[in-house]
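Here come two complexes built around subunit A, the first alongside subunit B, the second alongside subunit C.
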Partner chain A sequence: MEQGTSVFPVRWLFYGKDIMKRLKRELSYVVFLIPSLLLFGFCVVYPFLSGIQLAFTDWDGISRTYNFVGADNFTKLLSDKNVLQPIKTTAIYGLTVTALNNVLALFIATTLSKKLKGAAFFKTTFFIPLAISAVLASFVWKYIDSNLISILLGNSLLGKRETVLIGIILISLWNNLGSNIMIYMAGIAGISRDYEEASMIDGANGRQRFFNITVPMLMPSFTICITLTLTASLREFGTVLAATGGGPAGSSQTVAILIYDYMFKYSRAGYAQAISLVFMVFLMVIGLLLTKFFRSKEVEA
Partner chain B sequence: MKKKLVAVMMASALVLGMTACSSGGADKGGSVKPDEVYSEEGEQVTLEFINGSAEEQYVAWLDEVIANFEEKHPNIKIEIQKTSIDSFNQTVMTRFATGDVPDLFSFSANDMTDMVPSGYVLDLTNSPNMENYSEGMLDSFTKDGKVYALPIANDFMCVTYNKGTFEKAGIKKVPETWSEFLEVCKELQAKDIVPIASGFSEQWVVNGTSQTVYCAQVLANEGPTLAELVDRSSTFAGTEQWNGFFTKLQEIYPYMNKDPFGTDQNTCYSMLANGEAGMILNGTWTVTNATAMNPDAEFGIFALPVSENADDNVMPMCPPEAAVAVAAESPHKEEAVQFLEYMMSPESASLYAEKGAGIPIIKGVDTSNLKGAFKDAADIMNRGDVKVISSKSFPSANEDAFINDVSGFFLDGCKDPEGAMKKLDTDFDNLVK
Partner chain C sequence: MSENRASLGSKLALAVFTAIFLSPFFICILMAVKSKQETSKGILSLPERIHWENFTSAIEKARILLSMKNSILITVCSVIIIVLVAATAAYAIGRRYHNKFYRFYETLLVSSMMLPFQVIMVPVYRMYKELNLLNTRTGAVIMISGLAVAYSTVMMIGFVRGIPLELEEAAQIEGAGRFRIFFSIIFPLLKPILATVATLQFLGVWNEFNVSILLLQKEAIKTIPMQQYVFFGAYGADYNTAFAAAVITMIPVIVIFLILQKQVVAGMTAGAVKG
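Showing the complex of A and B:
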């Protein structure tokens, strides 16, 4: 008889309690986040935001005063012929490195995932270059290039406009292959043996198993590897700077090197900041699009 | 034994310093007077000196100068910050931009345009050291009648050759005309010696070799100044001297090492030092670097003989580019200036020459102790076979365009001087906009 009237407050109370509980629980998550959020904000977000305004100034990179020039830097950028060659170089470099790096890494990862003699040795061998900095790797390879490759091929790779990118791509692959191999190997290890056994019973050959089981199941790894490799190689800087400094005759100048030149060599920091802002937005869009594309292809295991 | 030697050297340096001061007019120099030491009441001061030069002899000289100075001024300590040339500008710029200023720093003529207007550099016009420089030598560090930095030595662009290699190839005398120069190249090549070693994989070397040619061919030859090319009141195409520059490159290119763009300059230094190559077309610093590769080799220098008339081929030389400056915001200005004045004193300059670090430009230096290339240079100076020219360096944006275009010219086999000059004009036009 009193049910009708008594039920509501009880349910309401029940929900109220739940909300408090949930709030409390979520608040405790946030508390754990605070240290890293502070650090991230201080080291990444704040410098980034405080740097944006420079793109609208004529700052020379050293003086303590500068003038605001509105969108001048951006309109200049649209008509600047000097940026065309670096954009072309960067695009070729980025796409080639991404393709080669991932194909090679996937190939090596699948090979190493099979029960091989000495797999641990090879794993280490492929991984060690990752521990070497891009600058050191470039110096080592520069030496190899001018003292070995130049004798074998009759010309050094880094000394000719036609081959300089091949040389830099080689250095970059050697230097960075390890991380993608690791990610792919982890992905492969995560695929249940059941699928493979089932397909073997159904009579699938190695190729079919690779393309119909391994590749779809590896989609999350592809998302990470391809996106990371592409964005990292598009903003390649250290390897190029140490190997050629953008030469010969500007043929290996990437967008990152161009920004560096404007910033530090030509004392046009405002313009450099404008280029890097546009470049960053471009990289973000590419990164987001790629992630979205690959996420849509991912299958639930 | 070693300690004893150092002690003797220090003592003699000290005595030298005293005699230098007590002998007449130099008294105004003041800074080296030992009685000015006020260590007792003076607090301990440490000066930071950002040094951009890593050349071995220079560093050795600097260490000794500092030791001598610290002995005379026990309350002052000089701390050297070494920075590589490549990142030197950024390091110094960043330090100034953030307000963390050094007391003394290596200063280049290029810094006059950005650092001086920003008010970062101390005015040294009233220093007694001004008397030690000849007319015009400080022009590159002077703005509105005020001097901002003091140089010790001068570098210039010349041909550096290995005397032993020339002898072995049967070349008796240094070439004095352009055709003699090409003849020497041919003779070296016939003996399987690379006539001209070029490490073009480093971009500054492309610039250095070009400068050697254009200082003599264009700047010492009534050609347009580089500033006129930069502000576009003059052009490359249609200028006879620049046409000559590219034809000269064309003529010497066959005498360079194979694959110059895949070779670095250190390899070239060692080729020159070990007799695999005969010459390097670059600055006077080539001597120091090549000597480091083979201390037994003897080198020489001569002006690139661009003319067929031997008398016209004198050494083109700009006012010095490198110097040392004091930061206007240094908390120990007085002590910093004191050290700078000692560093640039005739006493230190003599030591500089003896160490083979370079060619001092300070008056009162005894050059009779010089040998090899330093002797050649002293002889050139004494004969007066020198022509002071306008600045040999483009502003950095133009310089990069110039390096790229000259590199392109070389990589295309030096076939098209006309095209190269047109390309340079277009690129320089774009930089003005």
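Showing the complex of A and C:
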């Protein structure tokens, strides 16, 4: 096949054909990616990039024009007293929800995984609130809070600065506990019965089995549940907005609500965007640290 | 094996939690069938008869039919778009998994899942204002689908990779094009994961709030959660009507949830089992 003497080696033709064939093959796959690239680019990538630009402007959220103000928004952020309280609120809320949600979900999941009459009924009871929107959950509980809990406890939870977070935490637990119960139950079902039986023969009691077998074997579930609950609760928006709108007197204002307020109430969209970027970096660092921490604790099954 | 039974203490605790979890539903139904006078006697007071008129006034005042129509339209369109766009993308990524470009796109999708909505809230609002997409159902469908595509695609990639390549090669020899291969071989085989993704997204879109409150502010295009936000939040709200509205809107989604519970569990635990 070697056509060495020719100026134009014929094998190039074969390569050319081959390249065309491979290109065509590749294109046949790329076509499938195009809808996703367009949609994802339009809804996520472009807004994200243009958001970085907006964070360096004084856009008010209404007018068509804006001025570039350099890093002003970020330097202002450092000395803004209005930002400190929401950060504190968000941190307290996020940590408490994550701790309570996971402890309760783990307890309920272990109990439901044992031999128990009516387990299917209990399971469904905990899962159903997942189908209810955060808005409706908040309004129903708000009504219960001001018309039943306030009578039982003498005080409404959501109406007082000191207890408002407890109220919102209860709403969030009711609304979201089910998904962690699902994940823990799947994790428990995945633990081989052999481990349990072996430990029973060795004479381990229920508590020893739970802490020495169930907990270490559930590490992948912990990673997912804790990371998911923490990142979701740190960006809590709908529940708080519907339950209190951030009140009373800003005591339940989370960072997500603060950004929303700066955008729509105070018409400082550029500044809101700067806060959201800092917030995002903060969330990503926490997410990565958590994942790293839990991955290092996982045992090979 | 006696140790593997639930202890009395944990059974008791479980009963208490169950009662607390069910109480809001009980109160919703109770409030929905009471008159105003009966309600003023206390939240737990029982009605003498069932006041069906709450439901009819809910349908009129809370404009349930209108918001129901908006919710159904937006949910159905979004779920179809999400499933189609995610399945096609997952097919491309799953089949070209060794290629750096596709892998980079997968990483991009995964990292976008960590992005809080607030980061794109301001720029999305600006973009929609400039494109005159604010207060349109189309605009809402596009944004809601776009934000859900990453998660759905990532869930499907593993499934695509699990489908043996030989199935496609056989069809290829017979001269079938890539589209025919996808829709006649891959798509049907993806059915279990498609059902799971569709169910999860149905619940997510039906209850969607972040995008709706940002983009749907006019009365005529409000979805059910938005309508509830306005109706319950109104000063001096008529609570019996509000709860009747809540019950009407809850029933379809709970029924669907119960029917598709298996899919929901499969979807939510997909990551956990893999570890």
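Rule of thumb we're sticking to: the second predicted complex is superposed on the first by the 259 of 301 C-alpha atoms of A that agree within 3 Å, B and C clash if a C-alpha of one lies under 4 Å from a C-alpha of the other, contacts with A are read in each partner's own complex, and residues count from 1 in each chain.
In this text, a contact is a pair of C-beta atoms (placed from the backbone, for glycine too) under 8 Å apart; a residue touches a chain by one contact, two chains touch by 3 or more.
What you see is a predicted model; the values in this text were computed from it and never measured.
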### Message
Applying the document's definition of touch, where does A:G250 land relative to subunit B and subunit C: first, second, both, or neither?
### Response
first
### Dominant contact partner of subunit A by residue count, subunit C or subunit B
C
### Contacts of A:I224 with subunit B and subunit C, given as first, second, both or neither
second
### Task
Figure out whether A:V97 sits in contact with subunit B (first) or subunit C (second), or with both, or with neither.
neither
### Message
In the overlaid three-chain picture, which partner chain does A:W174 touch, first (subunit B) or second (subunit C), both, or neither?
### Response
second
### Query
Touching A:V240, do we find subunit B (first), subunit C (second), both, or neither?
neither
### Query
Now for A:S267: first (subunit B), second (subunit C), both, or neither, which partner does it touch?
first
### Message
After the superposition on A, what does A:G61 contact: first (subunit B), second (subunit C), both or neither?
### Response
both
### Task
Quick one: classify A:Y29 as touching subunit B (first), subunit C (second), both or neither.
second
### Task
Go through subunit A and flag every residue that touches subunit B in one model and subunit C in the other.
61, 142
### Task
Can you check the complex and tell me which residues of subunit A touch subunit B?
60-64, 81-82, 142, 145-146, 150, 155-161, 244-250, 261, 264-267
### Interface residues, subunit A side, partner subunit C - complex
26, 28-33, 35-37, 39-40, 42-48, 50-51, 54, 59, 61, 104, 107-108, 111-112, 114-116, 122, 124-137, 139-144, 147-148, 174, 179, 182-183, 185-187, 190, 196, 200, 205-206, 209, 220-221, 224-225, 231, 234-235, 237-238, 241-242, 255-256, 259-260, 263, 269-270, 272-273, 276-277, 279-280, 283-284, 287, 298, 301
### Summary
subunit B contacts subunit A in the complex at 89-90, 93, 96-97, 114-115, 117-118, 200-203, 259-264, 267, 396-397, 400, 403-405, 407-408, 411, 430
### Message
Could you list, by residue number, the parts of subunit C that touch subunit A in their complex?
### Response
3-7, 10-11, 13-14, 17-18, 20-25, 27-28, 31, 42-44, 81, 84-86, 88-89, 91-93, 95-96, 102, 105, 108-109, 112, 114-127, 142-143, 145-147, 149-150, 153, 177-178, 182, 203, 206-207, 209-210, 213, 224-225, 228-229, 232-233, 239, 242-243, 246, 249-250, 253-254, 256-258, 261, 264-265, 268-269, 271-275
